[in-house]
Structures are given as structure tokens and as C-alpha cells.
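Here the chain labels run A, B, C, D and E in written order, and each chain numbers its own residues starting at 1.
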Amino acid sequence: ADTIRVGLPTKTYWPTTVAETAVRQKLFEKEGIQAELTIYRSGAETFEGMAAGAADIILDPPSLVSAGRKKGVMSRIVANAAMGNFGWQLMVPTKSTLDVKDLNGKKVAITAAGSGSDLLALWTIQDKKIDFTRVPVGGGGLVPNLLAGNVEAAVVYSPLSFQISKSGEAKTILDYASAVPPNLTAGWIVLDKFADAKPQLVQKAVNALYGAVGFMRANRDVTVKLIAELYEMPPEIAALEYDNTIMMLETSGDMGAAGVNAAVQLSLDLAKLGGLKDILPVEDVISTKFKPVPTQQ
Amino acid sequence: MSAKTLRHLIVIGLIVLWELLPRTGLIPELFLPSLSSTLIAGWTDAAEYGHALAVTLYEVVVSMAFACGGGILLGAIVGSLPRPRVLIMPMVSSLYAVPLVILYPVFTVWLGIGSESKIAFASIYGFLPTMLATAAGIQTIDPQLLLAARSMGATLSQRLVRVIMPAAIPTVLSGLRVGGALVIVGVVVSEMLISSAGIGYLISRYRTILDSPHVFAGVLLVLFLAITFNAAIRWIERKAAIWQTGTRAGHANDEMASGAMQPAT
Amino acid sequence: MQGTFAINLARIAIIVAILALWEVLSRTGIINPRLLPSASDTFVTLGDLLQRAAVQKDLMVTAAEVLAAFAMAVPFGAVIGFLVAENRYFADVAKPLLFFAFSIPKSIFLPMFILVFGVGFAQKVGFGFFSTIFIVIMSTTTAVESVKVEHLTVARSYGATPWQTAFRVYLPSMLPVLLEALRISMIFNLTGVILAEMYASRDGIGHQIATWGENFQMKQLLAGVVMVAAIAMTFNELVRWVEARCSHWRT
Amino acid sequence: MQPLANVTPLKPAARAGAIEVKNVGQVFRGRSQDVVALDDVSLEIKPGRFVVLVGPSGCGKSTLLMMMAGLRQQTTGTITISGAPILQPDPDRVGVVFQEASLFPWLTAEDNVEFPLALRGVPKAERRAKAQDALKLVGLEGFGKRHPHELSGGMKQRVSIARGLVQDPPVLLMDEPFAALDEQTRMTMGDELLRIWAATGKTVVFVTHSLTEAVYLADEVIVMSARPGRIVDHLQVQLPRPRTYEMLSGDAFGALRDRIWRHIRKSA
Amino acid sequence: MQPLANVTPLKPAARAGAIEVKNVGQVFRGRSQDVVALDDVSLEIKPGRFVVLVGPSGCGKSTLLMMMAGLRQQTTGTITISGAPILQPDPDRVGVVFQEASLFPWLTAEDNVEFPLALRGVPKAERRAKAQDALKLVGLEGFGKRHPHELSGGMKQRVSIARGLVQDPPVLLMDEPFAALDEQTRMTMGDELLRIWAATGKTVVFVTHSLTEAVYLADEVIVMSARPGRIVDHLQVQLPRPRTYEMLSGDAFGALRDRIWRHIRKSA
């Protein structure tokens, strides 16, 4: 059987849950293919992995596809994975009295300059008409620096955001899932070359992945248990992750659906804030060739 | 062909490859942008890079003082006094075995996210190799020389400055090279991990948005730092060579010694 | 013998003091225990982690990668370092270039290794090798500088072959400096492999550590770091043991 | 060869220059077994005496000198120099010329000679002058700018002697200083040494393997035996001073030389 | 002291052991000025001769030996050993005992002696036996397991001699091998050396500062002068062999010694 190599940006990010579910529920096998999951350090690294030929299908935001094409890495989004920043929150320590407006002139932690968290921070600056310093501290530096008071606030991803708000260490002052207008935050991406050479394989892979989304929606207990196991976290937090991110994921993935183009455009526009130059037109970064047919259990 | 010519040819070769490999598509531009596009990227944002270089340079210089100064001093003490050596050395090299890069994000909690944490990290990073090389170099000193100095009433500090240092100078300088290079790497890497200023910050920011020409423009600046540092070391080496004749480096000019090396090649 | 005993005692005392300080700082809340879990908690977590089959497998994978990278980088780097130190021509050509290569943060090149090796054992070993080779070269050069010319002359007068000179004169003279180099190289090697695992991987302890860090699992993160440090320290002690056996002729 | 211009006469301190060695033993702890290098050595040297130490190779002469210099602690017994025990090197009391030249390879010959003066902060001009005088004295005028590796074995040894002389301590310990010298240079240097000694009233302890040299130079000759090192004879050389080469063929000289020779032959 | 059991007689090769030095000069390039260490030295040594080289300190004896050993290239002229020019060290033709002991500090005395044999791949048992014999010969039986730093100056020099002997090459170059030895040991070792030389037919070039030793050991004595190093005399010592201590006081001996002495006195 053909093997599809799936590139995932970080382990504690929902795409890993999706892909793991597909593997554990043998959805790839049902499609007659095999999957090999590789975890990368973050979004950019995942994209580099695909460009280097080490991954066949990856999950990343549209901005990287646009930037990649500029650098001669020809790829497209083949399936729409999420239309919002689910689980992303602007957080302050619980005892802090600061609100979003009060962050003017303060320091806010992000994971890396130009990353998803940076875009959200920039969006906040623009949308709330305030100015603060964005301090890149890496994924591992977010909570420690927030709790130590080196920064006044942090843009935190899920399920870390749920974890520290549940533990009472931090509280949310802005929930990006609802605050930011719907835009295509992440999609499944393949190289044009690969899509042309093995369209069947790509189709089967997206079928399995969306089959997994369907399975997860239908099987709360199993999924919560899986999240708890994968992320090494208590079931309560896994449940929050399930309710607030997994349940929000796109179920069809169809890039041809109405509103998708506008959502991609918005996503690219947001990326401009982060310093991305010469953004390509939407048509160049998406492909409508593959419409996922979720694999049934 | 003289060594210098060959080296220059290699450098020119590397430059040509750097331009051609990406242009011909043998290496995707994402991984290695051509030299020209790198230079253009750097030139376009020269002001930004200049500012970053100032920040990094400051951190490198301060760390260098800590790492090299401290490393040589402690290495000299530890290398010349057996008791502290057997006690301290194993502890120090064991502590160095803790993979600090991984803990760096946590360290910033206490050291802050500004220059201090970079300086601390880079100093530690460059300190041990300098210290170990110094200590090891000192241990290989002919004990007879120390005995002679002692008989003439040399105090510990006199022995350190007048005997141990000059005798260990080749080893210490090589240690300094390693330590200094690590300081540069340490500053840049810690900037890449956590910071909002400096060359490392720019590298990692441009990397996140796949802007490889700007990434490599940053790398070029790091290279520039290394070249500057290398020039400084060579200057010291030349100064040192004057009073170092007769030790190994001095002998190397001798046909006898260079003859000795022939079979090894 | 009495001296060694006293020194071991002092060493143990220092270790105990460090652990006690760690424990007290954390327990009394002088340092937020969420940011620095106590020593005892960390070691309990370490015990738990070591029980897990997955962690055991990750450790094995990482160990294999580290050993492979080390086994290649050390001899290869030592030979190059030797040539650089002993051959003027080669030194003039290569020394500055090697130095510049050494001064660049290696992680920039992580994608190149994926490009060449894909993601897997070879890529980790390759990057581990790449992270280690320069320090081995530079340290070997340092070590060679400590060899005495008179000893080389004696060996030459007996018609020693290059190999014999290398093994019977260079090696024993350089040993103390070389063993230090070996220690540092191992740390670089370990860090290199772990960075490569953090960058892209399917298994390995670096992969786990990355996840624990991003997930703010401080106990696990610290335990993981202790694990890696323990490996490096064990190696350190091994080298020290060899050193003690070989360097008794020094006074 | 020129006289050393600036030798200062010894200040008449009470027991300055006296050496007392009492029941001194030295045991080297080895891996497998211990080596008794010296076993219960006692000896007394009055200030201003020229004492020569002879004995077979490995009998402990260098070890004894190292202990007198405070460079090695004896296992048992006490050593007193100028009335006070010597526990560590003290250049104001004792100077040493080592058996192995032990020059600093990175210093020129003159810088090597200046070294002990530099340690004491003697001004540059003064120490340069002293070093030049000392180098002239050992026949190395014009070699001051050379590094040790550019000198022959005998030249290195002479630089080392110059370094010892320039320190000008009340007690001078010399471990086979003339071993690498040709007979002519050796004689000249011996005469120079006697001249300096007579002018300054230093106490000199001198190790040599040449019995002729021993008798020619000494007020007293101490003969040691090997394994374990012990003193087997302590001769007074009553020959008049200044010594002359004619004495070498005299009967008194021959008798002393023979007496030492018999000891050495027995114990080597 | 015991005879060296396994000295093999020299194979009667055509000119094995012959040494020819033709118009050899050595100039050391210095920073400020060049040093002419040797100036146009020519000399011919027939196989199996025992040749002693004497001359004032720094006249170029060691330099000449280093060139004969192929360890240093002459600036001008040619040196031929056993009929072929020597351009690099060749242990099958020439062995060297260095002026400074230069033992490997990390090897024990016996391992140091075995070193040249180990290089040639001589089996362990055989080289151990040879090393033991050589150590016994130099009076260091029982010191084989010591490291150099545990030996006295004279003992180190004897280990170095043992290392030179164990190689057993047709030409043996010895640079002041007995300088650090007491007179008794020196004599015994001289006799041993003569015995080995007579039994093996080696060519020996021997540097010493002792004129008595020179005449006692030599077939020929070559006298050098200093700055620049030149050969000023080449004497044939016609005294019968084996040499005895009685000869030392004979007239022929005295005359030869005097003749050398006059050269040395002039040039030192």
C-alpha cells in the first residue's frame, strides 16, 4: 500500500489529534493506504519539511503557502481545516487587573515573531488601537514568563490556555476564537507536484483525515480520552479542548465552498500585519481539486 | 599554489556555488537563497540589520569578557592547583552536561527577556571550553618550570602571569577561539529562542515567515562577527608569537619541526 | 587514598547542598513551584517516566542516534583537527574556514538535513555529526599544540610511521586535553541530536521534551532534562575514569 | 670572562647562611612499593662554607637539595637555614641552580636571567645591567637575545647558572651545574664561582660527579651512598686558598680524591 | 652489570657503518642575524671505528650529530651513511642517544626502552627480554616499572642510553651520554660500551667533554673549534685494546690528552 507522510506542527495542536484518530481508527487503512506521522517544531518547520520532501501532506496557514510559492516551493491548500483561532486567548495572570485596553505600552508574550500568535497580537494592536511590545518567548516560555511577571500578558494557544485558566493561574481577557472574524486559519497542504503525481493518494488521505473529524464529533468519550493521553493532561482539560477546538473544526474541508475564498483572503491580509510581503492572489494558494469524502467508520 | 591563494579560491568557489545552486534550482531557494538575493535583502533593510547588529555586538562583547576572562582565570586557578581541580572540575563539567538550550525559556523567567539572559547564557556556553582548555593546557606545562619559578620566590599570581600563562598560551588561545565562537553562537541562538532584538531575533522572525533571503542576510552578519573575532584572535596570536618562540609555535618555523610533520600528511 | 575520600565526601556534600537548595527554594515558594518544581517532585516524576515503555523506547532511539553520531564525528574530526594542527598548508587553507563554520549557529541548517536525509535516524545522526565535528576539530587542534617537539624528534629518529607517531606519541601526550574535548563534544553531540529531534521527529527523547515544554509540564520537562544530563554525566564520568587510568604518570 | 660587578657582601646577620639538616628522611610513596630516597641524614654547614656533595647516581643528592630549597618537604626530620626552618622556597635565603636547565622557553637568555629580579620588582635598567654582567661571566656575552631552543646544551646550562648567580642569596644550591660543559669552560667557571664565593661569603652547596672538581672547589666534601641515601663520609679539605691548578697534582689532593673514590666505587 | 645478551654481529655489508661528511655547513636563520653553527666540515669515518667528538660548548657537536641522524638537514654539503646519503632518520642505519634524556613521561622506564622495538613490531616477550637486558646493563635492574619523573637525573640518562643500545643499529650516535653520571658508573658504562662495540663492530660517534674519557674510548678523536664550528684536529689514538685503567697514567695517553687540551683551551 502507498504511504502518505503527514507533517504536523507540534504535538499539542489539534491536527495531531485528528491525524492520530485517523490512524487509531484505522481510517487510512480503510482507504487502502498507510500513514506516517511526523511532528515538527512549528508551522514554518513543517512547511520546510514538506519542501524538503519529507512530508506529503501538512497542516499550515495560507500565509506560508503564499510565502513558499515566492521561494519556489509550489504547494496549495487542498482542504479547509479550520476557520478560526480556536482556543487562542490573550491571557493575564489571575491576580492581574489589566484589561486589553490597559496593555498599551506593556509587554505581551508571543511564541515567535511572525507566527500565529504574533499575527493575533498584531491584530489586537490594530483592532483595539493600542500599542504594546510583542516579546517572542517560544512555546515553552509563554506561561513561565507570564507567571513570573516578565510580561503583562501572553497570547496562549490551546490546550495550554485551558490548562492555565482551569488551574487558576491565568485568566482570559480576549478570546480570539470569537474576536477575530472567521478566516481560514489552517488547511491541509500538498505540493503541486505531489498532487499531480498521486492525486489518488491525496484524495484518500483527506478522506481519512475528515473521516477522523467526523469520528471525533461522534465519539466524545473516546476522543477526550485520546486527547488526555496524547497531551498528558487531565480529562477535564481534554474535554475543554474537545468542546472548544475539535468541535469547531471544518467537517467538509471543501475548498470550493462559498465564502472560502474570502476567508483565505482575510487570513492572508492578517499575515501582512506580520511582515509578509507580496501576497499572492487566493486562486494561487488553493486547490479545489480534492473534495474530502470522509471515510466512514 | 600558496595556501592563501587556495583558501581564496575555495571562498570564491563557495560564493559561486552559493549563487548558482539556488539559481539552477538544485537547492530550493527556501533552504538556500542565492547570495545576490541575500545581499539585496540585507541592503534593503540595512537600517534594521544595523540596529540588530548593535544589540548583538553589545551582548557578544559583554559575554566574551565574562566567558573568556572568567574561563581563563578559573582555568588557570583550577589547572595549577590540584586540590580545587579534583574537586571542582568534575562538578563543572557535569553541570555543563545539563542541556541548557532546552531550559533556556525557563531561565528567562529569572534572568529576564532582555540582554541579561543572552549574556548569561552565552557566557556559560563559552565559559567551559575556555576554562577546560586553559586548565588542560596548564596541566601539560613542564613541572620543572614551575619548580624553578617557585625556587625564585614567585608568588602564586606571579607564577600565573609569568610562567603559567606564557607556557599555556597556545592552548589558551585555541581555547579562546572555541570559547569566543561559542559566545557568538550562544548569543545568536538565545536571541533566536527568546528576544525582541538582535540578529538572532531577525533570523528567527524571517524564518517563521519563510523569508530565506532575510534569514541568510542575518547569517552573513553572524559570519561577519566571527570574522571580526577571528581577526582579533590572530592579532593576539601575532603579539604572543613574539615571546612564544621556542615553544611549539616557535619551533613550527623550524625546518626540523616542519620536517617532523611531513610523514603525518 | 585519604585525599580521595575527603574529596568524594566534599563532592557528595556539594551535590546534596545543591539538591537541598533546589528543594527548599521550591517548597518554601521563594521560587514559584510551578516554575521550578521541587527536586523530590522532579525525581518522582523521573521515576514514573522511566517506567513508561514509550519513554524507554525514546531513550533508546536517542541513545542510538547519539552513539552513531559520536562514533563518526570523533574519529573524523580528530583526523581533520590533527591535519589542521600539523600541516601548515592545510592549516592555512582550512583553519579560518573551519572557524567561521564553527561560529555559525548550526540550527540554521536543520532543514538542509531533512532535504538530504528526510526525517529519521540518518537525519538526526547527520545533524548530531554536524553539530559535533567542528568542536572536535578545534579541540583536537588545541590538543596537538600540547605535544612536545622533542618527543616527536625522538620518535622520528626511531623511524616511527605516521600511524605510530599518532598513536604512540600524539595520543598519550594529548590525552588530558583530548579527553576534555571528548567531554565537551559529547555535550554538543547530545544537544545536536536533541535539537534535531525537537525540530522534526516521530520519536526520541528530544521530541518528548519539546512537547513537555510547550505544554508547560514543568515536572516532566525538568525530569527530561535530568535524564539527558544524566546520560551526559555518565559519559563524563566514563571519560574521567579512562583519564584516571591513563594519566597516572603525571604528577 | 668578567667579574660580576654588583655582588653585594653578605650582611653580618647572626647565622645567615648556616644550614642544619637533622635526621632528615625522604620516602617516595610509589604505586607498588615505597622508595626510601634518604634515610636519616644529618649535617651541619657553617655560614660561608663551600660544601660539595658527591655520591653515585640516584643516591638522593638532588632530593636533598630540593628539601634544602624548600621545594620538597622531607618525610621526617628538620632543615634549618640561616637559623629558621625552611618550609617553602625563600629566595632571600636560598637560591637554586637546577640539574636540568629549566629555562623558560618563551623568554630570551637575558630575560631568563632577569626573571628572578623581575619577580622582585628590580627596575628594568638595573636588572638588565645585572643580567648582562652575569651572562658575560658565564661566557655568553652577545647571546642574550637568543631563545633557549637556539642554544646548545652547555649554553643553556650556563644561562641557568647566570640566573642562579644574579639572585645573589646567602645560600646557593647548585645541582651539577657544570655537567654539560667542556673542561676549559668548566675550569674557568669554577674559578669564577670561587671568586664570587670568596667575595660575598655565600654558603655554597654544590653537587658534582667530578671528584677532581669536588676537591678543587670544596672546603668540605660530603659523600653519600645509594639506596637508601646516607652520608658515608664528611671530609674537610684543608688545601690553602686560592686554589691553583698545581695543587691538582699534589699528594694531599690525590689522597683526598682517592678517599672519596673508594667510597664511590664501593657504593655505585 | 651484565652483558647485553642479544647483540647481533653486524652483517658484512659493503660499506655498512661508514660515515662520510663532505663540506657540510649549517646556518641557523635568526630574527636579527644568521648564526653559522658549522662551516665547511668534512670528515670520513671507516666502518667499525669508535670516534669521539670533543669541542667547546656551543661549537656544533650536537648539530653535527643531528645531521648525521637525518634529523636536521644541513644547509650545504652532503652526509653519507653506509654508502647512501641520509636525508631523513633511518633507524636501520643510525641510532641516537640524545643529549637531553627526552624520555616519554607517560611510559615506564622499560616501556621507554622497548619503544624503538615496539615500533618495529618486535614481539612483546622478545622486546621485554631485550629491554630488561639493556636496563641491567645500565645498572637499572629493578627500576623498569618506574616512570621518568620518579628517576634521578643520572637514571634518566641511563634509561636513554639503554633505549639507544636496544636498537642495535650499525651506526650509534651518542651525545654526551655520560654527562650526568658519577665517575664509577661512568667508567663501568664506558667499558660496557667498548665491549658491545667490539662484539658488534658498530661505528660509534660519541660526544663528551671529558678528555680522559675521549682518549680512553676512542680510535680517533675529532676536535672542533667554536663559532663557526670547524674541525681543528683529527687524532688517531693508537693505544692497544682492550684499554685498561693503567693506560690513563701512561705517557702516550698523557700526550694525546694534552694535545686535545691545548686545542680546547685555545678555542673555549
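Please note the rule applied: a contact is a pair of C-beta atoms (placed from the backbone, for glycine too) under 8 Å apart; a residue touches a chain by one contact, two chains touch by 3 or more.
Quick caveat: nothing in here was measured; it's all calculated off a predicted structure.
Engineer: Common contacts of subunit A and subunit C?
Structural biologist: Output, common partners of subunit A and subunit C: B.
Engineer: Going only through chains that touch each other, how many steps at minimum separate subunit A from subunit B?
Structural biologist: Graph distance in the chain contact network comes out at 1.
Engineer: Check C-E against B-D and say which one is joined by more contacting C-beta pairs.
Structural biologist: Result: the pair with more contacts is B-D.
Engineer: Could you find the chain whose CA centre sits the greatest distance from that of subunit E?
Structural biologist: A
Engineer: With chain centres defined as C-alpha means, what is the inter-centre distance between subunit B and subunit D in Å?
Structural biologist: Roughly 48 Å separates the two chain centres.
Engineer: In whole angstrom, how far does the Cα centroid of subunit B sit from the Cα centroid of subunit C?
Structural biologist: Inter-chain centre distance comes to 17 Å.
Engineer: In whole angstrom, how far does the Cα centroid of subunit A sit from the Cα centroid of subunit E?
Structural biologist: Subunit A and subunit E have C-alpha centres separated by 83 Å.
Engineer: Hey, what residues on subunit A touch two or more of the other chains?
Structural biologist: Expected reply: 48, 51-52, 138-140, 144, 147-148.
Engineer: When you check subunit B against every other chain, which residues touch at least two of them?
Structural biologist: Residue numbers touching two or more other chains: 28, 30-31, 105-106, 109, 143, 251, 256, 259.
Engineer: Provide the list of subunit D residues touching at least two other chains, using ranges where the numbers run on.
Structural biologist: Expected reply: 100, 150.
Engineer: In their complex, what parts of subunit D are in touch with subunit E?
Structural biologist: Within the complex, subunit D contacts subunit E at residues 28, 30, 32, 35, 54-58, 60-63, 99-100, 139, 145-146, 150-155, 158, 175-176, 179-186, 188, 209-211, 261, 264-265, 268.
Engineer: For a test of understanding, state which residues of subunit B touch subunit C in their complex under the given definition.
Structural biologist: Residues 3-4, 6-7, 10-11, 27-28, 30-32, 86-87, 90-91, 93-94, 96-99, 101-103, 105-106, 109, 128-129, 132-133, 135-137, 139-140, 143, 170-171, 174-175, 177-178, 181, 184-185, 188-189, 192, 200, 203, 215, 219, 222-223, 225-227, 229-230, 248-249, 251-252, 256-261, 263-265.
Engineer: For subunit E, which residues are in contact with subunit C within the complex?
Structural biologist: Per the touch definition, subunit E meets subunit C at residues 69, 71, 88-92, 94-96, 98, 100, 102, 104-107, 115-116, 118-119, 147-149, 167.
Engineer: List the residues on subunit C that touch subunit B in their complex, please.
Structural biologist: Contact set of subunit C toward subunit B: 7, 10-11, 14-15, 35-36, 82-83, 86-94, 96-97, 99-100, 102-108, 111-112, 115, 135, 138-139, 141-143, 145-149, 152-153, 156, 161-162, 165-166, 173, 176-177, 180, 183-184, 186-187, 190-191, 194-195, 209, 213, 218, 221, 224-225, 228-229, 232-233, 235-237, 240, 250-251.
Engineer: Tell me, which parts of subunit A touch subunit B in their complex?
Structural biologist: Contact set of subunit A toward subunit B: 42-44, 47-48, 51-52, 63-64, 67-68, 70-73, 107, 112-115, 118, 133-141, 144-145, 147-148, 150-151, 271, 274-277.
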